[in-house]
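First, the structure itself, so that you have it in front of you.
Lettered A, B, C, D, E and F in written order, each chain numbered from 1.
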Amino acid sequence: MLNTVIPIAYALVAFAFLFSFFRLIVGPDAPDRILGLDTLYVNTVALLVLLGIDLGNPIYFEAALLIAMMGFAGTVALCKYLLRGDIIE
Amino acid sequence: MLDILLSILILTGSIFTFIGSLGLARLRDFYTRLHGPTKATTLGVGCLLIASAIHFSVDGDLSLHEVLVTLFLFMTAPVSAHLLAKAALHIQVKSLATTPVQEADTPTDPA
Amino acid sequence: MKHLLPHPLLTLTLAILWLLLVNTFSAGHVVLGLLLGWLIPFATASLWPQSVCLRNVPVLLRYLVVVTHDIVVGSFRVARLILGRPSSLRPAFITVPLELKTDLAISLLANTISLTPGTVSVLVSADHRTLTVHSLDTGDAAAIVAEIKHRYEAPLKAIFESC
Amino acid sequence: MNGLAMHLPILPVLLPLVAGIVLLVLRNAPLALQRGISLVATAALVPLAFALLATASDGTQLVYKLGNWEAPFGIVLVADRLAAWMLMATALVALFALLHALRGDDVKGRHFHVLYQLQLFGLNGAFLTGDLFNLFVFFEILLLASYGLLLHGGGRLRVKAGLHFVVINLIGSTLFLFAVGTLYGVNGTLNMADLAVRLARTVPENLALVETAGLLLFGVFALKAALLPLHLWLPAAYAHTSAPVAALFAIMTKVGAYSILRVTSLMFGADAGAVANLLADWLMPLALVTLVAGMLGAVAATALRQQIAYLVIASVGTLLAAFALDSVDGIAAGLYYLPHTTLAAAAIFLLADPIARARGERADRFEAGSAMPGAPVLGGLFFAAAIAMAGLPPLSGFLGKFMLLRAALESPWLAWLWSVVLVTGLIGVIALARSGSLLFYRTHSTSESLPAPHAADWLPAAGLLLFGLGMVIWAGPVSDYATATAAQLLHPQAYIDAVLGGRP
Amino acid sequence: MEALIALIVGVLTACGVFLALRGQTFPVVLGLTFLSYAVNLFLFVMGRLAIGVPPVINAAAQGYTDPLPQALVLTAIVISFGMTAFVIVLALKARAELGNDHVDGLHSEEDAAR
Amino acid sequence: MTLFFAVLTPFAGAALVALASRLGRSHAARTAGAVTLAALLWLAPSAHLPFNGTLLIQQHDWMPALGLNLAFRLDGLALLFAGLILGIGLLIVLYARYYLSERDSMGRFYSYLMLFMGSMLGIVLSENLIQLLVFWELTSLSSFLLISYWQHREEARQGARMALAVTGLGGFALLGGFLLLGHIVGSYALSDVFAAGDLIRGHPLYVPTLLLILLGAFTKSAQFPFHFWLPHAMAAPTPVSAYLHSATMVKAGVFLLARLYPALSGTPEWFWLVSGAGLATLLLGAYAALFKHDLKGLLAYSTISHLGLITLLFGLSTPLAAVAGVFHIINHATFKASLFMAAGIIDHEAGTRDMRRLHGLWKFMPYTATLAMVAAAAMAGVPLLNGFLSKEMFFAEAAQISESLVGGWLLPALVTLAGALAVAYSIRFIHDVFFNGEPVDLPRMPHEPPRWMKVPVEILVVLCLVVGIAPSLTVAPLLAAAAADTLQAPLPEYRLALWHGFNQALAMSLIALTGGAAIYALRRPLFALHEHSLGRLDARAVYNALLGALFALSGWATRLVDTGSLQRQVFLFLAAALALGFTPWLDSDTPLAGSRTGLPLDPVSLLAGATLIIASLATVWLHRQRLVALITIGVVGLVVSLTFVKFSAPDLALTQLSVEVVTIVLLLLALYFLPQHAARERDPGRVWRDGAIALAAGSGTALLSWAVLTRPYDTIAGYFIDNSVPGGGGTNVVNVILVDFRGYDTLGEITVLALAGLGIYAMLENLRLDAPDRDAAGRAWNRDPYPVIMATLTQLLLPLALLVAVFILLRGHNQPGGGFIAGLVTAVALIVQYLAHGSAWMHERLSGATQPVIAAGLALATLTGLASWAFEHPFLTSTFGHLRWPLVGEFELASAMAFDLGVFLVVVGATLLILVNLGTLHDSRITRKAHL
């Protein structure tokens, strides 16, 4: 069962990845692109979790954790830039 | 049995992930697009993480550290969304709804 | 005691999180978790505004259940909206007057709103009196405001602003 | 061996590192203390280098296994004749440049002494390492330290030169990694001795691949050595930085030259089977063109430091022409010439500083001016330094040139090398005579009154020149050492055996 | 898969090279970043491609990929991070000292128009 | 050692003189005299040896392996020259004491003079050719100083540089020549060279050797066409001219001809080259001398002419001619030195050297006039004076040789013409200056010079007379010894006497004397003719044109290459790299692809790859919209991290992810101060060119990757996997490599990071940039710097992030993670706090002292490495063990963990140092010192 579900899941997450990337490239405004990047990060977390289950190796967990953290930091910095220019003031 | 539970979780998770991003691609203004990733995607990844936790817990040792990522995502996704919306309001991106008065341009934190 | 253990709740939380992280519940890690749970707040104490006032743990637990439920339901609803005709959406900005006073409570409310059905917190007014929310599909704005106030703001006020 | 003696090969690396750390800790300590520590640490490199020279002089190749891991698995330091030689040149230049810096250049920006010590850490580490990737790491250390030192004090031209220097070197580092990566991808090892063994056994299916890697590596080293057409970073960088830094930088191009020599002799030398003599077609023409371009630049220069910078390029050409001869005599000539040109360039950079100050607003530009205070001493030292740079007798440059020309007698490049070296030698004399007379000969009466230079302003330069003189007086033993070093390099089997302990 | 990776390395290099050849500091910095991606990836795959065999010793492991390039790339990433940081700040310094963001301190049309 | 000390004495004397000059003006002169005498004294004990035909060679090892030893030789020729150098040198020392004025620095003059004297002495006493060359070049250098002694005069500076350039040319040629000679002979020792004459002359390299050596000799001796420097060297003070251009500098060239005569002469090449140059110089010099109005100019061209004469004699290659050559060297030295000194006296007393103004000085300085007239007569070759004797020998040899040549009458005719010209300019010197009416407009009223200024002239003039009258009683033994050692063969039959009977030579002399008188009588029409013809030719103009061309070419070539453009540099480097990288494949049998089977391509990887490629291209395409470019490059970094994950490198993925975000933050910080959008390319052609380079480079690395990836390889990696646990105590092999197997790399790597931080810190000092108050679209910034939701919730995240950092740090040895990643996580966690609260808020709460953290990290890593010394293990040797603690249980401790903690600290410190300082760049409210 898992063997059929996982490829489907991969495909769904891959499409999610694609959509986010589409928004990132197309924009039109900077917030759209940042949102695209942020979602791309979250999609990546999903991808990594799937990979972990697929390969039966828990070693990808830290990467997922870090992507979640770093994605957030990046989004905060980008938004702050749009709002204030000077991100650390 | 466990296989079925896992499969459901994985499928649900990936479908929500998919839908969240689909909204991002499909909806027509920034503010509506913001909703998909904030909710659906977050939940989707949450489901996948729970699936992972179950998957690795049955192999032997209890594996609950995925909870942490879930927690983290649930704490940060709204903040990201808030900041994005604030930025969008600031640079006045196109909106389907009437945007509120720019009262935020007065500092909220006098410090 | 206050100086030696500035945030006992945080200490406990961190210890538990540590155990989650290491995926091991051995005695060694319990000790290490508690140690870190004590050390980290100690080291970052200055970055904390004031000790968090936390009452009404049952309310808190119930609140968590409600929110979790709403997240799941909300996600389904948003999914349906996304899969539906985009042009049929009725997006709107809604202003929610706030009774909450503390930053923490306001922030948690904003977070909750963003995670739950069809709404995203957009702005907190300069005086912290109102919260602007973007709603994806707005039927009755007043109903949404009422639900927010009743379902989330009230418990948060009970939990964080009753001491 | 026990005690510190056992750790001799790593002491020249660790000493500046520890000194750098201590200086960082004491960054707010009294200036005198910081200077004292920096000076003691730098001065101590001289006896350390001497100890290594003494040890290596009988042909011993000390191998220091870091972390006690056997080569090729761990990183090893190899202190052979060549490494000791480079360490000595570095130590001397560093000591005198630092003495000059203590006159005030060190307080014009932050962290001068920390950067200086870490620069030495990088240099010494690069000369000692026996591992190709580790060489990359130490290249980066010495580069980053040099970026800091180059920019020390700031200023428009300095910043522009620094930006160019940094960017081009970053691209160079990228190329380095491509080359190292390819070598690893084909040979599965990083230790240079092990690479030598494996490269010699290269099968035809892999030949062009490892040759590409070798040549890319050469490209990187050529950039560091400022070989034409990769020399453009040097004139601005050297001309616009502070005097002690420019003096210390005199050794920086030699890192590139050293690496070319080390890598080609060890990994792509005559014994390297299918990849033997990889650079045979490249090095000599490039070296000669570099020599010509450097000399023409020296003629075209409009200010002293710019001129010296171009002379440094010319000296790189001379040096690599010697190495390109690929014979014991040729490499020996290069190895004799190397410390000479380093010391001489450093001396004249140090000298340019008090000269520029004594000339007031004309600074070091080639414009005739009024009489300068301290002209006899500064002029005399400049004359000596110019003689050294031009390769005229009686200073060491002449002997280096003599050895080079002599070594070329048996080479097919004889006619080219002789023509270029002799003609550029003359051009150099003409250029330096012009600059000397423009700088020192008063043409109008004094208008601005400037303070006479303090003895400490020119003593470090004089000290460097004295070492150049020493290289003449003791030319016999010095050139014998250079010859023995060259012989050691051309027979890398001993190096390989020492590193790999006879392992196949 | 190998061809895809080779293609990626090539594209990253090409983008890096093109940007590094631009006249303003910012694209040059981007170009250097691209080049470091390219070379890090290159160095990494020199240990060949292998899926699901991370070099973490484990009784259940089916094998291990070559760990050495990974260690090298880690070092290279850190170094290029330091270098990138340095060059970014240097670009700012140049902006302050030279008055514009051209790598040679030349005034671009935009600066001239200001 | 005596010869060595004789040479060394003047060098040491130069320093001594400089010191003595501080005591007073005459002290310098006295010291210089004493030094000269001392040098003579060193030679005195051996001076008798050459007369016995004994050769003295003294040798000391210098660079024996290269055949370069300190070797000195005293034979007849050397003794003759040493005598001239020191003897005339002594007279010059005396003369200069009175010649130099109060404004001239005595110390400097005598110092230079001593340097020059020592160099000359070195040349003539050298046994080793290379050593000879060393002194040869030293004469060029010291003469540069002497000629430019009056440095405030433009012509002095120019003259000195010209002399240096021309003699420098010769010096380099000579170096080549000597090297070839040494190569042919197998030794640089003169004795060996003499013994190998036939070998040399028969060697295929003979002609290049000869050409190079002659170039050296001719430039030094001012032979045509290198003669032009000499008249310009007259800008030197007259004592210098008297010394350099009579007995020493210019004589070095003819000395060399004499010295190498046994080795090189006797071939047609030698004959034609040497005598041809000599003859041309002889005639040209004599002709030009006649038309010079400057007294010293006349003497300068006369010197050129006489040097031509000597050269011609050596070129004739007969033993007698060589004897005559040696003899004329002596004679010319004496009369020319005295003439220069006389000219100097005239200049000194009358204030000018222009013969159009100097007339009738006999009335004012009859004594000096007498001396000058005798010397000039010697120069003209008047009987009873030394010049006559050698000139007679010269004429005789010229006549003799002509018998064996086709068109042989030409040589005697030409040398007679030269003799006549010499007579004419000598008459001019005497008649114009001392007679010929009244002086014209002299700056000073001339009178006799001080007593001691005349003494050197008197001595030399007496010598001219004595030698001229009684040669066999005076000069004969010395000439014999010198000539014999020149020839390195038995002397030919010759007789030094005033009267050889009425022969062809005497006839030529008579013709020359009368012809010379006639030419002088016809001088006015000749001068006019000269002005309109040859007078316009100027070798110096050619020299200047050549030099101008050199400077123009240099400037052009240098500016052509070095435009100061970074883009140019980068382009060249990439082009070079491409050339280097592609060359091995041009004619190679190496196949591009190897035999290894690869992995199958899966759709997700393809999608990720496509994403990466599109994002990369988008970054390039949109790089002028800088924020967008940042976002797209973020995607690139993300996919690169994913690649690491996919191919089993979790550590790399973690590192790449963290670095990525920090880099983006860094770029955002920078972007604030940089223009938001950039102008379009000015040159669209450049885009195509760069595109082509980019495509080539991309293809190159792609093909390289493909080539390696499709090949099998044999790696040392197995060792790390096998030894990671037993040897390094960790299961994460990558981490064990980093902190143990290759911990030294990591130590270097964190040093780089520390250096980056410190360098940036140093750079930022005093850096102030204007903070833009609007964004690219012209909107004012949002007025809410710290949105409350962000501020509050990130506070909650900090402990969690730190916990994760500790987790990653502690497990790094066994699971993916480690100090570096943990450091970045910590830094990012703190940076988010900075983003949320601002630096002022943070600095109120956190000490923010990052430099001590960096120092502590570096120190910890280094000390961990050093700890192994205590156990007599090399630096960085690690250890690990298992500890049991009650309650906690067993856990592992490895020294590598301390090392990793050091890494952690450096990363945290450096990253924060960079980001925080950059963040507060324009903020003057915060005193920066407080948080560093």
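Heads up, the rule we're going with is that a residue touches a chain if its C-beta (ideal position, glycine included) is under 8 Å from a C-beta of that chain, and two chains touch if they have at least 3 such contacts.
For clarity, every value in this text was computed on a predicted model and none was experimentally measured.
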- Neighbouring chains common to chain B and chain D, by label: F
- Item | Co-neighbours of chain E and chain B - touch as defined | A, F
- Message: By the touch criterion stated at the start, how many steps lie between chain A and chain E on the shortest route?
- Response: 1
- Task: Please indicate which chain is farthest from chain C, where distance is taken between mean Cα coordinates of the chains.
- Result: F
- Any chance you could check whether E-F or A-F wins on number of contacting C-beta pairs? E-F
- Message: I'd like to verify one number: the distance from the centre of chain A to the centre of chain D, where each centre is the average of its C-alpha atoms, in whole angstrom.
- Response: 49
- Cα centre of chain D to Cα centre of chain F, whole Å, reads 16
- Round to the nearest whole Å and give the separation of the Cα centres of chain C and chain E. 39
- Whole-Å gap between the CA centroids of chain A and chain B: 10
- Note on the structure: Each of the following residues of chain B touches two or more other chains, namely 20, 22, 26, 34, 36, 42, 63, 65, 68, 72, 75-79, 82-83, 85-86, 90-91, 104, 106-108
- Task: Would you mind listing the residues of chain F that make contact with two or more other chains?
- Result: 564, 566, 570, 574, 646, 650, 669, 671, 701, 704, 708-709, 713, 715-717, 720, 741-742, 745, 748-749, 752, 755-756, 759, 763, 775, 782, 784-785, 787-791, 793-794, 800, 804, 815-816, 918
- Query: Could you say which residues in chain E touch two or more other chains, in rising order?
  - Reply: 20, 25, 28, 38, 40, 42, 46-47, 51-52, 54, 56, 68, 72, 75, 79, 82-83, 86, 90-91, 93, 103-104
- Note on the structure: Here the pairs of chains that touch are A-B, A-E, A-F, B-C, B-F, C-F, D-E, D-F, E-F
- Message: Help me check something: in the complex, which residues belonging to chain A touch chain E?
- Response: 55, 57, 59
- Touching residues on chain D, where the partner in the complex is chain F: 2, 6-7, 10, 14, 17-18, 20-21, 24-25, 27, 64-69, 72-75, 109-111, 114-115, 118, 121-122, 125, 133-134, 137-138, 140-141, 144-145, 147-148, 151-152, 154, 163-164, 167-168, 171-172, 175, 178, 181-182, 184-189, 194, 198, 204-209, 211-212, 215-216, 218-219, 222-223, 229-230, 232-233, 235-236, 282, 293, 296-300, 310, 376, 383, 387, 392-394, 398-399, 401-403, 405-406, 409, 418, 422-423, 425-427, 429-430, 433-434, 437, 440-443, 475-476, 479-480, 483
- Query: Where on chain F does chain B make contact in their complex?
  - Reply: 775, 777, 779, 782-791, 793-794, 796-797, 800, 841
- Task: Could you pull out which chain B residues touch chain C in their complex?
- Result: 16, 19-20, 22-23, 26-29, 31-32, 34-36, 38-40, 42-43, 61-65, 67-68, 74-75, 77-79, 81-82, 85-86, 89, 95-100, 103-104, 106-108
- Message: Taking the touch rule as given, give the residues of chain F at its contact with chain C in the complex, in rising order.
- Response: 784, 787-789, 791-793, 795, 798-800, 802-804, 806-807, 811, 833, 842, 844-846, 885, 887-889, 891
